[in-house]
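First the structure, in the form of structure tokens, and then the observations on it.
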């Protein structure tokens, strides 16, 4: 068992988690890069940012929400006009059935909210004029907000990175290495890309469950340009805190890789960031990635096959030479 | 008294204050991070930025201000229409009481300003047409501004950091350290966070009151990710300009800690910054922070208790070994 | 043939391409800096960002697109009103020819979409009221989007750099150097400009076509301020991976220079980036750039002649001394 | 004459100017930081950015321009309606004098452009309906642009720095130094401020007028926080390329200081930059700055007097010891 020796390596906790932050069976960082965390002790409305929640909402949900808001606000004002009485709205026949009168109030409301204001229906009393004056104001403010939301959604800087679903323990230069890869899936171009990988290793010390965090050294931690795919490689050599880990060691430590990629995107002319994590259940022991780009048939350009981002095949791992040293430590 | 020796340490004033900037009893930097400063010698309107003032205005005040503007502009134009005479607005009965005529002018004004323009009331003279033409133009420009203001408020990058109210002199590795802590209270995530702490120490030299500024060395001045809470630690060891300070020394020096935290926020994909300060009255001598996060009961995630950000308990401080050296210096 | 020796130099592939990414006759990076790449394996709509495509669209195409959208949406709603029947729109005479009735429906639609809503034509049934209520809503959302698009187009940070069409192999300090130059063509000002040049060299090794990437050292890789023109110089000396290349060597290697320039622009107060590439067909062997700025005739300012950005004249290259060493290597 | 010796110092031209860029009597960089430069060889419209020109336009000029645009567009469409004939606009009496008919067309146009659309005047022919449909569309696009312009003006990151009008050659630590100072004049706060100063020195070599550029070393080139004022100091010691310059040497060299300040502003959460320059005519030889801040009378805060930014008094300069060495060099 190599655990003791490993712990002496640089356990630098600048992950933002603490040694006690370990969760049974779960993960520290979710697949989408958010932290598996719940905040308490402040009211809900102070803890969330509504604007940013709407910015990150999936497209369909967002549009449904906008349509819902439009309908609800219209219903709200329609009810007020209806309660005041449609006889206070010139152009609506007050002798029609209740539902038709309500519908007419609803349509007048929508004409006011959107500031169309045809005028074939118009307020003819102080109360309805007053409510309409407020509704038109609300409408303009609401659509100012929608303009901001739409613009915010359009321009939210994102890396549009596709990560391989699995991280591999792969053969590498006669030894082995931890690998995962990524590619941009949109017509964007990342430059000055930088990857940071932190390994979370759960150990039991003196009967207490502790989590150690190790920043992992990478073969290349920066690339000037992320044009095709980028395979991030952590060599499992003597410098690695995971050196000599067998399949069982990885499982026992419930290894979790926390990944952050930062780059400059020229879509947004802004720094973009994407995070993800690899849970122990997403680690494939003994495999290598298959190529995911090739020259086009007519030879004029390169083809990047995004559906092959996770394509890998089984590969025999070299016996790590340090298994001996490993035992020695266990003996000592 | 150890003051003389300390002054020889690196007093690097890159705080933006000068040695003469000391205020009686008060503080150099306010709790919200703004500087305790008044600028003179330029007209008021050149010294403030109206847009940024409205961006930082509390939400309720902001909305009240917007509603007030809408009302005032409407009243202004209503008065003009009223003075011209409501008989120049087709659709308003000029034979109604004064107040009703004014109200009708007001409603017409609001219909014009919001560009609803039902048309049941419409200008029927050159003067009213001209004023209405201006009002609609003003309305559109005003709402363009409101759109900008709302968007600016939504997207103003903020760190959403909660700081502990107190800074502590706490036991630390057999010695003592200055500590305070922070956590994000929104659903945002900070990476590459960096803290800078400057100590302002007020001394009397040759009968003159001077302020010395010392950048304080931190145990960790950077963290890759600020997921849970971050306790910033300045060890009060021999490298510290505050080494060997007793409770009385701190009081006499009227110590003020000026704190700035800078990080990358992926809500905004932008660098965010938050500043605060700890006045001598907010320094607790001999205390330690209590844990503020724990594993959730079902073990699937971590819970961060924001209401415990300032939770601390009294703690006995180790007698600093340097009290001897301290005396020696005083003797020399 | 000097190829073998060269390959031993630092072939650091952080270009984002791989050793197998070579295209017959074509280029890796297009003249406009985009990569000569096609992505597959994800649906088209996931691969492109519509917003950013519209941001980068040429001006005329963009306006045509906007006008087209306006027309199409109007036609769409006009058709609906027409199918419902213009008798459901008060103010349209239903006894006119078909085309005129359609036109009237079209105009009503445009009055609703733009929220003008004169009201001389107005919906007088539940169905048309309902459709109009939707159309006004669509109109407002569409124009919110257009506002965002226009603002995005205005404020898209760009370097506005003009590059010389050709890169030159020019005489330089008794030896030779690769040179190209650039200047900003707008009333913008770049500071802290930084250039990165990567050489892609195609070689045949063991019968396989491979591409090597070499970052090229520059005489100055940074300038504080890009006021006039900037000639980027890569000295072809012993440190260069292209040292001793003859005209034929360049051709055989199908040299491609991949260029990225990053700077801070005070128009946008943002980092801007522009990329380009020089294909072997754009390399001029034995030439020097002509001056492109001079003092104005009245002596009060400097004149930068942008049309001379590529102006160069033939220049005799010094015989590289290393042709001997070159041969030696080939012998070894 | 010390000129020859000086030239051997590091003449690093990364100012973005070239050695030949010197202007008679004039300056390379204007007081507002823009370069004294004219670009030719590209059409005017390609050389300027209309959006950014409008962003930098003074406030009054900007509003006048917006009002002018509104008037011109209205006049344009009014003319079209008038030429078509006001009988094609229901609600306008065609039997009124020409000017009144034109005015009514104008008011209808403004009601359409702003999308108020009362409807008491409405198009009743295909041609006027068509023109109105276009005008409303133009109106909405125009106001989308104005929204963008206003927002862009509000949020244009600026440093709001006030520089002293003069740079001084002042006594400094027994020797002398070049000094100028700056302060922010708005309610903004700059952090991580960095100053870069380049000296442009014009010399005659072999009968040719050349300009040398020297980056000047500063006592502090960075401050963490720019709360009060910042005096930038270049010591004129042996490391300085301007060491030993007499008043006559400065005049002969037509010294120009090119200054750039970069900082992080938390109004904008953005990097801001401001440039300026000091021409030889703005250099005061033998003077020192007067204090510009003091403790408030009630002792609770500091007062920064912005009108004293340039306040200085004559000061006797120490005789530079190097005048001897200087002569030696001239002899050699």
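When the chains are written out, they are named A, B, C and D in that same order, and each has its own residue count from 1.
Rule of thumb we're sticking to: contacts are C-beta pairs under 8 Å (C-beta built on N, C-alpha and C of every residue); 3 or more make two chains touch, one makes a residue touch a chain.
Values in this document were obtained by computation on a predicted structure and should not be read as measured data.
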Can we say the copies subunit C and subunit D touch using the same residue numbers, with more than half in common, or are the two sides different? different
Of B-C and A-B, pair with higher C-beta contact tally: A-B
Rounded to the nearest whole Å, what is the centre-to-centre distance of subunit B and subunit C, using the mean of the C-alpha atoms as each centre? 40
Whole-Å distance, subunit A centre to subunit B centre, using C-alpha means? 28
Got the subunit A residues that touch at least 2 other chains? 115-119, 147, 151, 270
Under the stated contact criterion, what part of subunit A meets subunit B in this complex? 14-18, 20-26, 28, 34-42, 46-49, 51-53, 90, 112, 115-119, 121-124, 126, 129-130, 132-133, 136-137, 139-141, 144-145, 147-149, 151-152, 156-157, 196, 198, 215, 258, 260, 262, 268, 270-273, 275
For a test of understanding, state which residues of subunit C touch subunit B in their complex under the given definition. 115, 117-119, 147
Within the complex, which stretch of subunit A touches subunit C? 66, 70, 74, 100, 103-104, 106-107, 110-111, 114-120, 143, 146-147, 150-151, 154-155, 160, 162, 185-189, 191, 193, 220, 222-228, 230, 264, 266-267, 269-270, 291, 293-296, 299-309
